[in-house]
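Take a look at the structures listed below.
In the two complexes below, subunit A is the common chain; its partner is subunit B in one and subunit C in the other.
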Partner chain A sequence: MAERHRVLMVSDFFYPNFGGVENHIYYLSQCLLELGHKVVVMTHAYGNRSGVRYMTRGLKVYYIPWRPFFLQNTFPTIYGTLPIIRTILIREGISIVHGHQAFSTLCHEALMHARTMGYRVVFTDHSLYGFADVGSIHMNKVLQFTLADVSQAICVSHTSKENTVLRSGLPPEKVFVIPNAVDTAMFTPAPKRSRTDEIIIVVISRLVYRKGADLLVEVIPEVCRLYPHVRFIIGGDGPKRVRLEEMREKHFLQDRVEMLGAVPHARVRSVLISGHIFLNSSLTEAFCIAILEAASCGLLTVSTRVGGVPEVLPDDMIVLAKPDPLDMVHAIKKAISILPMIDPQEMHNRMKQLYDWHDVARRTESVYDRAMNCPDQTLLERLPRYLSCGSWAGKLFCLVMIIDFLLWCLLKVVQPAADIEAVPDSATTHHQSGLDFTDTILFPLDPIGSFLFWVYRKDQKLARRKPCRMTNNMSDTA
Partner chain B sequence: MDIGNGRGIPAEQRRKWRKVAYGGMQPGYDDNYTDDSFLEDMVMNANVVKRDMVKVMLDSVIISQYLSIVALVGFVWTYSLQSRLDQKTILLIDAGLLMSGFLILLLTEGMISVSFLIHYLLNLSFSASGLYLLAPVYKTLTRSIRSDSIWAVAGGLLIVHLILHDYSQCFGRAPGMWICISLNSSIMASIFVASRLPSQGDVFAMMLFSLVFLFAPLVAFCIKKYSFRLHIIFSVLLMCYSLALVYRLHTVLFVVLLGLMVFIMVVCPYWLIRIQEYKLEINGPWDEAKRCFDITD
Partner chain C sequence: MSAVKQNENPVSDSKYTYIHDLKYPAQAVDAHHIEVQGRGAKGIVLSILIAIICSHYFCTVLPKVQSSSYPLLCLLFGALLMKLFGRRRVVRESVVIMPTLGVQLETLCKSGKTIRRFVPADVILKPVLQECVTPVACYWNLSLLLRGEEELTLVFKEVRPPLKILIPIWKALCAVSGSCAGEPDSSMR
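For the complex of A and B:
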């Protein structure tokens, strides 16, 4: 077997939060563990879930005691996380730090510190950004800073790659395209469909502007008018829910449009299999895992042609439309006409061929191999890259990196690496769930570590009483 | 490793690369393969309008025009505070401006109807009588404050008004917050100035004058809509007139006003054309879809 990597996945987004990024990190980690690599996840504390947790196959998760302040993001302190990240990196003997999602401040900070300490760094971008508004301009600058010195970058679709290359100025050959996948074992079609003339269209998304809830408001009444035997099931919650409910009342569609509210991920399949057509109305989307889940359940997908969506499925499994109500209605008409030709079981089998998390893990592994082959560089060799980021920003970035370097040197004196005890590796391989007793002699000299330990002990007590729900709920890909 | 060039499979055996994410790694192509079609959907500077110098200069006239209107108002304020204009003259000016404004509106818009006229006269008489009733209050409003402070505040408010004024002149649209602030600061400035005047009659005349001056942008807009040439002639006349009056008032102010006008009508357009070259607008499939449907919340 090739070199065994020791990976730290970093993102603000991880379970118990739910979404595409969280899913991606979890499945990728599981498959990498299966391939024999060591994987540790780091995220911020969620509620009282703070300290160390274990998930299926001994996936170790550090919930560091940093509170989120906005949309599950930690407050950007730039240097605040350096001590704890250093401790984790040394304790776990990490060789590669893999950050996820451009929104995540924790990810940006971890990648910066990791580069300062000379670790190889990989970054995965999960979303698309425009270039016009103030928010994107700021985000793009931050991304440029992080990616200026990243070893390799990964994007989830070709469109996302184009976007990332434009935003960060990274050479295209450094950016890999590795899509998401779907756990086809979890999303299976309904064993036997009830033969009725009714056609059910399912929508599962957060009801927000970006997901095109306003488009739904115009499409649904029109489709209901054209096809008396069509029903809609809408799962999800959000600020636009009120508009949808208004639409339902205005057109007297209460008995034909069912609104479920937020659907927990464990129930998504049961909602999906009650329908025939999956409707995605996003206005922007880098990849869209929801489409994969629907297709895996044997649903025909109708979607807006935005971002990376056209790359996701073969043309005969999806009907694409312009993000415009009229065109969407046309696409739904077309979908209804080809629906009799669709065999859910066959579609599910095709999805098994097309998407597999193991494949994703193997491709990611080769990216890690390349990252490890990147030459080692000193601070002085790396600074010119930051300097080239812009006339003002470049100097600012350099200053930030130099201060980070000095802080790291200070930290090395205050807390030498030799004082930080490493975790024995064997713990992660044979250990299935429950507690890792090698960890009971945690961080003797490290104040944050001691805090972690304290929280961890508290969690242990809780865990003995009530086993971690997350571990039980997650089904394995194997 | 030859980055991005496949894995040593002869070119004719390789299947064409497709821009798809499904089906795992495409045989013969690495994950970091960059096709020739990379970024082909990118559109640059799609919505950028090429401007030429003359057009920008002519467009900037409207700003100078408004500046000269404000300068004229300031001139009237100073003269009446120096008691060089009595209330009868100011009332005559008010009436004259109001009449000519109406005439211009009627001529350019062609809205000659009795009900329209009555409606406006009624409104005007309401506000005028309101002002007349409030004049004693205004007169004593700033008695405990020194004149210097009032001048400074009024000057500051006028600058705020000028900066935030809606030069695009979209009448009929709901005004934004900045436009409301601009309007309010001009009214406050006129109240402050009027409160320094000696008699109630003066205060009333001055407030009425300020009210009339609020309608100036509407009149200017109608002229511009009617004929652009007329608008330019009107503006140039207005600018010359205000420059001449300000020259009589103070030489330094004259120089400042002239400098500002040159800056607005010559330097700024040139500047805009220059920085236009650096414009870089990037659009592509990653953009959020535009609102091709209406949102009525």
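For the complex of A and C:
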């Protein structure tokens, strides 16, 4: 029987946020639970959502009461999260820490502390980053530090692997490519499409620069001019929404361009099946789950040829274009011409064969097995890896790790591991246990915690809510 | 303090001792006590450390404070902190269950002061065990869900006993509220 792993997924990005990283963590966790492993998720608190929550199949989530300070990221304190991470690792009996997303400060801190305490760590990179700008240079240095001592790494595409290896200096043999997947049971084609001559092009993305919203401003009026029977449906919100609305006003396209605003994840499928073509204009994408969802719903995809997008779909399901307005218009023209040959149900069936979260979980399980086979190493054996990060940076990283080690030793004296009691392994049957899993309350009983940080006091009205129920989708209800 | 007739095997760990008072029949009065083990040395060391740090800060940052007053400042801060910690130091917290009447929650401080709160039985909806999370720690706690109150009522305000100590008290409170959902898992006994 395969070894049962006890995994702690760490990231700043999780439910109630919706996105590629959030979806990945959730679906991967669910499939790993189904394979018999124990999975716990750790993220920061979202507003009043703080403490311990349980999601479908007993997925336990720790919402640590650390307020996010920039783009949903926890404030980086380097050593501040050591006590709570140590507590969670011991009480849950964790064997592997799996961090997600290079832009997550909580992930980096958790991986650093986990390595100090001798746990195996795995890192998954979900995005592509540059090399030239100031932000990327600093981010890459932080990544180099974190990945200097990681057990294994996972990337979502070969392009992403190349990008991660170049940025972090990680040996390529330590990096595995495991693509994302799509919930094909949720994203199914429309049972019957109404016969009209109208062609509907759907765009669902955040309306930000990175997602190519400026390209849409150029492309949509041209396509509407060339094809009077084409309509657009745009779902999503963001700072570029104003530009799109101005474009709509300027070219009198109010009846041909419909803007839905932010679309809840549960409604994405209903928007997709109202269209024939899915348009993705991202300027950079490591993978792009959105086009998987569109293909699963039977839509032909038109996308920019950037990052890992060419690796995602077969050539007959996607028309690629350069991130240039003219080229994209030609791509849409080509897509319209081949649209009659597309069978949505056949496309959906092929997607079911190609992408499956259970397959992702099995491959991730293999990575965990390899990580567990890595030898134990002392601090002195690990320090040379940090020294190789740079002439000055290497010494700084070594100092950071030495201080982390000393703080860990101090914590072992102040709060011995024997004083941290293990949590019973009853997550999947907790409703039979007699324990009432209500939302948790935070108390400023810890003087250091409440002095240094902003302690969340739970909304007292939530105390009257019913306990969390098991649901079949990614939202826990109460 | 009245003599307490204990059960045969009081449950204890490094910080707390759980005593189930069997002096009276359980149908009349069911008392559960949690006594705090001596932690005086740790508190004293911590107070001294903080006092030294604060004194050093004042001597360094404030130009008018002379370095000769450094020992005096240490003593002052140390005495203040020990008085603060000592005053709040809890010796014992108790839950006295009177099935026909209600539940009395008691906190006995080192100074001799006892804080009591009585909760009528008809107001208790359910006792709940829950995991509490702070920015630096995570622990179990026992609370009461009360009719007409939006806030949960903590059974133990000052102490943080482990789950193995909380479970028998939780079971006893379930009996009062009549809200037992079933036996806990064996892994939690």
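Assume the second predicted complex is superposed on the first by the 428 of 478 C-alpha atoms of A that agree within 3 Å, B and C clash if a C-alpha of one lies under 4 Å from a C-alpha of the other, contacts with A are read in each partner's own complex, and residues count from 1 in each chain.
Keep this in mind: contacts are C-beta pairs under 8 Å (C-beta built on N, C-alpha and C of every residue); 3 or more make two chains touch, one makes a residue touch a chain.
Treat the numbers as computed from the prediction; the structure is a model and nothing was measured.
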Touching partner for A:64 - first (subunit B), second (subunit C), both, neither: second
Partner chain in contact with A:418 - subunit B first, subunit C second, else both or neither: second
First, second, both or neither for A:355, with subunit B first and subunit C second: first
Subunit B versus subunit C as contact partner of A:256, first or second or both or neither: neither
Touching partner for A:52 - first (subunit B), second (subunit C), both, neither: second
First, second, both or neither for A:88, with subunit B first and subunit C second: second
Subunit C-contacting residues of subunit A that also contact subunit B: none
For the subunit B and subunit A complex, residues of the former touching the latter: 1, 3-4, 19-25, 30-32, 34, 38-39, 41-42, 281-289, 291-293, 295, 297
Of all residues in subunit A, those that touch subunit B in their complex: 128-132, 156-160, 162-163, 165-166, 172-179, 210, 212, 214-215, 218, 243, 283-284, 286-287, 304, 306-308, 311-314, 322-325, 353-356, 359, 363, 366-367, 370
Contacting residues of subunit C [partner subunit A, same complex]: 13-15, 126, 128-138, 140-141, 143, 145, 150-152, 154, 158, 160, 162-164, 174, 180-185, 187-188
Subunit C-facing residues of subunit A, complex: 50-52, 62-66, 80, 83-84, 87-88, 91, 416, 418-419, 421, 423-426, 429, 432-446, 448-450, 452-453, 455, 460-461, 463-464
